[in-house]
Amino acid sequence: MTVDYRICTNCVMDTSDSKITFGPDGVCDHCQTFYAQVVPSWDTGERGRAALERITAEIKKQGAGRDFDCIIGVSGGIDSSYLTYIAKTKLDLRPLVFHVDAGWNSQIAVNNIEKLVDGLGLDLYTEVIDWEEMRDLQLAFFKSGVPHIDTPQDHAFFATMYKFAEEHRVRYILTGANLSTECIRNPIEWMYYQSDSVQLRDIHRRFGTRPLRSFPITSILRHKVYLPYIRRIRVVRPLNYVPYVKEDAMRLLQEKFGWQPYPQKHFESRFTRFYESYWLPKKFGYDTRRVQYSSLILTKQMTREEALEKLSRPAYDEATIAHDIEFVATKLGISVDELLGYLSGPNKTYRDYRSQESIYAFGAKVMRLVGLEVGGKR
Amino acid sequence: MIAIVHYGLGNVGAIANIYKKLGIAATLATSAAELNAASRIILPGVGAFDWAMGRLNDSGMREALEHAVQVDKKPLLGICVGMQMLARRSDEGKLAGLGWIEGEVKRFDVASVTQLPHMGWNDVAPSEGNGLFSDLASGARFYFLHSYYFRAASEGHVLAVTDYNGPFASSVRAANVYGVQFHPEKSHQWGVKLLKNFAEV
Amino acid sequence: MLRPRIIPCLLVKDGGLVKTVRFGNPKYVGDPINAVRIFNEKEVDELVVLDIDASARGREPDYVMIRNLAAECRMPLCYGGGVKTLEQVERIVGMGVEKVALSSAAVQDPELVSRLAEVVGGQSVVVVLDVRRNKRGAAEVWTHNGTRSAGKLAADLAKAMADRGAGEIVVNSIDNDGVMKGYDLDLVAAIRDAVGVPVTVLGGAGSLEHVAELIRRFGLVGAAAGSLFVFKGVYRAVLINYPSRADKDALLARAHPAP
């Protein structure tokens, strides 16, 4: 059954999200959820500040007498960088800056982390993922034909942070996730849930060529139930409690620390950039810019016209894409032909492999009913 | 099309890579035909003089190279030992050089330079700020790795000078034949600029 | 004016980057290609890559990795590890690697150094001496990843190598490796007095001040470091770093001012 093309009249999400629905005024369900569920409970004014103060006080109390009172996951990108700045200078916390090196760091990312750590006088901890295992797992995902091939990096990032928090009994993990630029999430169909370890293991079992010995694996039950409720480890998203305008944040970090902005989004990781700007649109027609711009439209940081204009041009840089393809292929240890072979291979979905999707669906329902989760990922 | 003479030594891969990133057509030449088809030629070189000259002589491309450079007058850039090969002879070896720029290659006097080889980043002062050294007139530095230097018979053939306890020719030129003693393929942005300039001289 | 060189040194083990302390406890640091890429963009002076267990395990150099690194580097590259023959050296130099480093092979057969220098030129032949001080404080050379004593003094061997045509001597202090408390400056002095070829020092650098100290005392020298450019802070967090060009020029200006 083919669906006629349709685009939201309010944001720029369209029928490339096959589950999208529209209201009578042509406004999509992403927007509707935002207005109905997110807006009422999202406060970056007095209430937000008060809530943040409460959490901050709790973090300080739990961390008293220790070398650090929380960990902040940083990628070198703007969200986590700005968060680090806020945590130290505005919230007066003593964070350990936590970075996971999955082998794809760009020089700018590494440089930005260095500038921040030095400029703010913070300690840094890095976990390096075994490259041979990461490479093999990434290749396995390519071979599987699913869209969510950045799962190995994402999964490793969170698994590593949780593992560290648990081992060192750190009660608070701060992340740069934020509603300001991410109130609309990538459809599950596009990126699925990167924490689904059953899916990860199944794809690895079928297409991997070496055992995952040191690769960090988490699971949905572990970090949504065990860690928060049994080990009392909480994930906090401070950027949701303060006004966060991306442009202003970038300018501030540039002026104060010599932080360098990225030529393109997600340029912190050369793989993610390739994946989101080329692979996903080319193979599946999923353009994550639609999601990002829609979020910015809803939070009034971009106009719909601007978004449409940008979307009319390809997400990747035509002048350098051949070079990027070659870079990714070489790094993965395969030929360009082999990589392009995966590109033209059959398109699969998460349903083609084992998964814990039912648990996620159930959990999401429970969370929404109980009012614990703001916004809907679907 | 720039032909990079691929005769078994020299960093042909890095040079080719740089042109690829610049979007300038370049190929690794292993045959006379490829040299004939080229519009410009790069002669890279690393290692001892006789080793390099020997391999060039055995490569089957020597004649085509002579023709391209001396008859067709195609621009040629000799790099490091590739520049030294442009001379008539070298203190380092017994074989004759190409003899395309009058001069000979001498060993640095270890007593006056105190450390040999000349190894590291050094400044290069070109005698003209256009052509090969366009936009590289001041502040340009390149990587050097050599114990022998080119003593040009004529001052007019010295295109750039570098100081190593005394000046020596870090670049030479006679008509369409250019030579650089340093390694532009290993000199970051300055080297990239110079290689780009060569594509346009 | 020729400048002193500041050189990141990467150790490879089983195809991955590692960092050691006193040649033990290798800690995994990541993928070599990505590290080289980043150093490339940071415009480092030159790079040394040593495969630390090639000789100890009797393996050939990883030519695929070497070729990839050479094509990637926009600065000179020195490769060492498992190199024992002229054929290997010719092959590696032919791939576009400026310098090839030998350690155990040169120590066991110094004449090899002359043969190599004759063919590829001394400028491309580097001898790495891993040095440990004995109970009496004398600096002795060890090979095979610090497991076999060569029974020779570092300064003597350095001179023997330079006399046979080696273009550079890298003196690597096992005692200071990964400790990050400064270079063994007396060791450097002894080697410098013995040879007229460039000397590069490795082992002990914990801060740019150590680098400046080395340059201030010895002028034209190679300051190599592994931990310094790969780790950051008290937790030894892996983060590739290197001074910016402005910072490097400032450091050189302070430590090695122009005459």
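Lettered A, B and C in written order, each chain numbered from 1.
Going forward, a contact is a pair of C-beta atoms (placed from the backbone, for glycine too) under 8 Å apart; a residue touches a chain by one contact, two chains touch by 3 or more.
Predicted, not measured: the structure shown is a model, and the values here were computed from it.
The greatest number of inter-chain C-beta pairs in contact is found between B-C. When chain centres are defined as mean Cα coordinates, B lies farthest from subunit A. Relative to the centroid of all protein Cα atoms, the closest per-chain Cα centroid is that of C.
The geometric centre of subunit B is 27 Å away from that of subunit C, both derived from CA atoms.
Centre-to-centre separation of subunit A and subunit B, using mean CA positions: 49 Å.
Distance between subunit A and subunit C, defined via averaged C-alpha coordinates, is recorded as 40 Å. In subunit A, no position touches at least two other chains. On the side of subunit B, the complex with subunit C involves touching residues 8-14, 17-18, 46-49, 51, 81, 92, 110, 114-123, 141, 143-147, 163-164, 183, 185-189, 191-192. Subunit C meets subunit A in the complex at residues 15-16, 28-31, 33-34, 37-38, 41-42, 68, 232-235, 237-241. Residue ranges on subunit C touching subunit B, taken from their complex, read 1-5, 43, 45-46, 67, 70-77, 90, 93-96, 98-99, 117-124, 167-168, 196-198, 220, 222. In the complex of the two chains, the subunit A residues touching subunit C come out as 96, 99, 101, 103-107, 110-111, 113-114, 117, 123-126, 128, 130-132, 330-331.
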